[in-house]
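Both complexes shown next keep subunit A, but they swap its partner, so subunit B is in the first and subunit C is in the second.
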Partner chain A sequence: MSDQPTLTAALEAAVEAGDEARAASAARRLLEIGAAPTVITSALSRAMERLGERFHRLDIFVPDLLIAADAFAAAMAVVEPVLNRSQRERKGTIVIGVVEGDIHTLGKNLVRVMLAADGFEVHDLGRDVKVAEFADAALERRADIIAMSALMTTTMDRMGDVIGLLVSRGVRDRFRVLVGGAPVTQAYADEIGADGYGEDASEAVAAANRLMAMRRGAKTEHP
Partner chain B sequence: MTGLERVRRAIRFQPTDRVPVAPLLGAHAAALAKVTYEAASADPIAQADALLRAVQLYRPDAIFTLMDLSAEPEALGAKVACFSSGNRVVTRYLSPEELLTGDPERVILTARVPVFVETVRLLRAALGDTVMVGALISGPLTAAANAVGIETIARMLRRHRQTLADMLEGLTRACAALASAHLEAGAHGIMVLEPCATSDILGPDDLCSLLLARLQSLAWHIRRHDGIGFLHVCGDCRASLRGLADGRFDVLSLDAPVDLSQAREVIGRSAALMGNLDVRHLLPRGTPDHVRGTAMLLACELGPEGGFILSGGCELPPETPRENVRQMLQACVSY
Partner chain C sequence: MTSRDRIDAALRGEKPDQVPIFLRDLTLGLDVCDYTTPEVCAGPNGYDADKSARCVVETQRLLGHDCVVGAIHDLGLDVERFGGRVEFPERGIPFVARPAFASAADIPDPGDLAATAPGRLPGLARSYQLVRERIGSQVAIAANVEGPVTKAGLLRGLDALLSDMMRDPPAARAAVDFAVELCCEHVRVLLDAGADFVFVAAAADGPAAIRPEHYLEYTIPGLARIVSAAREREAPVVFHPHGPFTDSRFQHLVDAAVETGIVGFQFGEGNDFAVAKRRWGTHLCILGGVDIPSVLLPGPPERIREVTRAVLAGARVGGGFVLMPSCSVHRGFPLAHLQAMIEAARTSG
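Let's look at the complex of A and B:
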């Protein structure tokens, strides 16, 4: 077990460098020496959190985050099969997608990985997701949060349509709605009645955590 | 002073009777003329007619073709479809190998690209030298990103850099060929669209090492053909301003997240600035008074020194209220 700190550091460094092979290898080696799977997922979370902070202060850029996400996924593929039920316990469940008429997935994909790294169960609905699909998927997955992304001013209004549909179905209170994407701002999020807004991937994660805290608070107040 | 003269003097930092105004009216003009985006991007007569109506209505100093970042990828071989939102989008990307083994310089003037060249011809025939006629074209990085996918390009930036450099080299030649076609058709200026050069995606080091020399060669190409070169970058590109200015375009067109006064401090007089009223909220959703006040403030801050063209931070959304566009134009007449 004395290799564990060294291997954990190597895993984090591999993710930060975007080295898929080294990340997978370090994760595999950690399992071989008997490290708990949560040691690996915690290391991955720390690495992604640091990357998010660096991205936020323009120390690294989307390409760096993207290859880091690939390395994260490679390591997760090693550890996923051995995570037991209790270890899979998540902070919350999120359905995420790019709104109807929009196929720009880059930002959404980064947010998805950062949310997963932070401990959320994330269901990716993909791109060009119809208004009703968001609501249907959220109900089916018993989601806590619906996260939506748009890159174009011509498509971002679909976010408001999703919220409108939740209201008309009488299920608005069941979900928190998180929005983001290049044309989206806090003011716009407020205007359409969204609960949270993330300017970038790391802020989206922070916002999701805030929404979960609000949700837990609401449940405590109204058990 | 004609609009064209006003723009030309402004970019040389020479005195003008007022600040020139040149919003990217394409999508808004099509909506005003009740022409669908699909039709406007496929029919030069419909597009030119819509743009000329907008010129008549608003009297801008420059008019640019419709923004359609799918035209060049389609010419390069990507599959494009019209979505329910009305936008044309790439539905099947090329592989990097397909793009590398193709001949972008030869195919760039195929598919719907000639629609835009013909639109320029029609605009110039109708407007002569009274209003600056501009063509929008994708820059090499954006053409690559829309042809093979931005995520592929972003990974190539870190994993296959030389292959990406080779790809950009071919696309730069294609962009130059496209710029030539527009200039021969009568365009006074070419706006090279590089939304993918925003700082989030392309850091300053990547910009300088991978894209800058190619932008410089495009700027030089446009200038050599007596055209005015514009470089447009969307989003927050503050980290890369110095590098973008080194592209040697006559005009840097910047989006709303960039403070233009600060940008002026960073780049000095190495390029005129164009922008940057918020097209996401202020122009489509703000009140006319708010639009006018914000436009006047920009004109007052940047106008007296010269080297400034008032515009939106990007193309105006189709639903922008007419009164907001009018107030944007009026602000410069009366400031």
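Let's look at the complex of A and C:
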């Protein structure tokens, strides 16, 4: 089992099965036979996309995504050192975190992995992230998107506070804001002035891509 | 009929004089009494039972619902009891900052529980006693107890527990087994303190978080033990896991819960109440009704009244129904929105 299509299929299967060892091994073998690193990242991306779709349909569940994320990370650890600068080019830069007062990281972690698999550069601010930390990190990282998650009705309003802070600092136009989490709805996202909403991890990725397309369009219109 | 009679009748599957209302307002009373969260849950003398009871009673007097939880909910009570850390935001709700069991090896043997200091549990139980004394016998009191995987997730960290379920099932079983022992302890203590029935709050027990096979392996046996502990006190049990249980792929999970002996099932967001009534309504009390994220939280009140009336039109038929928000209600929630739901229910005949 040493040809590229077979190894690529094995890599995708290993990620979907959440098998870290097999995923890392397949990635190593692909590099050994001379496959371009992007062959590996593309395979990882396809596997995570399929997982996202199956999760959305409730064919698989959170634990399946958790172990798949670990397998994805194991394979990425193999390929990351050999990616050259051009191959590292990302779709966009995202800072992501769980809002202040909330420590429910599960959904955020899944979104982070799915975004990374889809080609975004993702900076994870963690949980219980203060309002100003989102704005500071986005400015520091020159982020395209600020992604925020909340699992509680008592903390979701911090998302609006972040947007308010961006406005008061005069930097709202520099970032697209993406929100999600169990109590968050499209209506709520609209109410607080967010640019995008993801009902689950796969929809968050789709929304991030839409936001990047909007952003590129805006840059084209206003160079 | 008193409020307590209404709840009793609905849990028996009967039709009371009006649809009973249960808000499961776990921390809302902190706003009603204008207390900070730490002054009730983490004061200098630990859990402040007197202030907690005041919050519960004042909220019930203000809103007039038929059933209360007997204390301000202390999410991290057992987490700190076993070495974890809980944060108490001034105006937020308590959350676990560090789970109790960093590794599977830290999980104690369930047999050791009796020798462990009870932490804030006596304070919580004292609040139930005070609520019973102050609110009288006419209002029902629910003992709010976490479900098997939910409690284990709080103690171990949910990510770690779910990973254990996939990679180290013995570790996951040990965590859930210990958690269920704690749940049963809470059941006994809170029923002895005056609660009328047990409400098993199980956000992580269901296909919103775990695989269906894990639900059958971990949740159902744990739920059966909780039901058994409640039966020792002749108390009924209501179960509230999260997930789309009226979806045909997951209906067998409700059937499995029914077989443990629960009398009621609260369906959360994303469920079809017509399906629930049709499939289980003849032998199970159905609870729930008004969706929090899309209706009750955003409002406005007139829309809440419309949705409430629409829910009642179908779900009340034949009795065996308790009107609830789709999940628990916490501080920061607009009181006027809850009042709109209650008013619509009370005036719907």
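A few notes on this one:
What we mean here is this: the second predicted complex is superposed on the first by the 221 of 223 C-alpha atoms of A that agree within 3 Å, B and C clash if a C-alpha of one lies under 4 Å from a C-alpha of the other, contacts with A are read in each partner's own complex, and residues count from 1 in each chain.
Note that a contact is a pair of C-beta atoms (placed from the backbone, for glycine too) under 8 Å apart; a residue touches a chain by one contact, two chains touch by 3 or more.
In this text, all values refer to a predicted model and were calculated from it rather than measured experimentally.
Taken together in the superposed arrangement on subunit A, subunit B and subunit C clash.
In the superposition on chain A, A:Gly101 contacts both subunit B and subunit C.
Once chain A of one complex is fitted onto chain A of the other, the partner contacts of A:Ser149 are absent, as it touches neither subunit B nor subunit C.
Shared-chain residue A:Ser25: touches no atom of subunit B or subunit C.
Shared-chain residue A:Thr41: touches no atom of subunit B or subunit C. Contacts of A:Thr8 after superposition: neither subunit B nor subunit C is touched. Of the two partner chains placed by the overlay, only subunit B lies in contact with A:Asp200; subunit C stays clear of it. Across the superposed pair, subunit B and subunit C both touch subunit A at residues 18, 58, 61-64, 66-67, 70, 101-103, 105-106, 109, 128, 152-155, 182-185, 187-188, 191. Of all residues in subunit A, only 18, 58, 61-64, 66-67, 70, 101-103, 105-106, 109, 128, 152-155, 157, 182-185, 187-188, 191 touch subunit C in the complex they form.
Considering their complex, residues 18, 58, 60-64, 66-67, 70, 100-106, 109, 128, 152-155, 182-185, 187-188, 191, 200 of subunit A touch subunit B. For subunit C in complex with subunit A, the residues that touch the partner chain are 87, 89, 92-93, 95-97, 158-159, 162-163, 165-167, 207, 209-212, 214, 244, 247, 249, 292-294, 297-298, 330-333. Residues 27, 83-87, 89-91, 150-151, 154-155, 157-159, 199-203, 206, 234-235, 239, 279-281, 284-285, 317-318 of subunit B are the ones that touch subunit A when the two sit in their complex.
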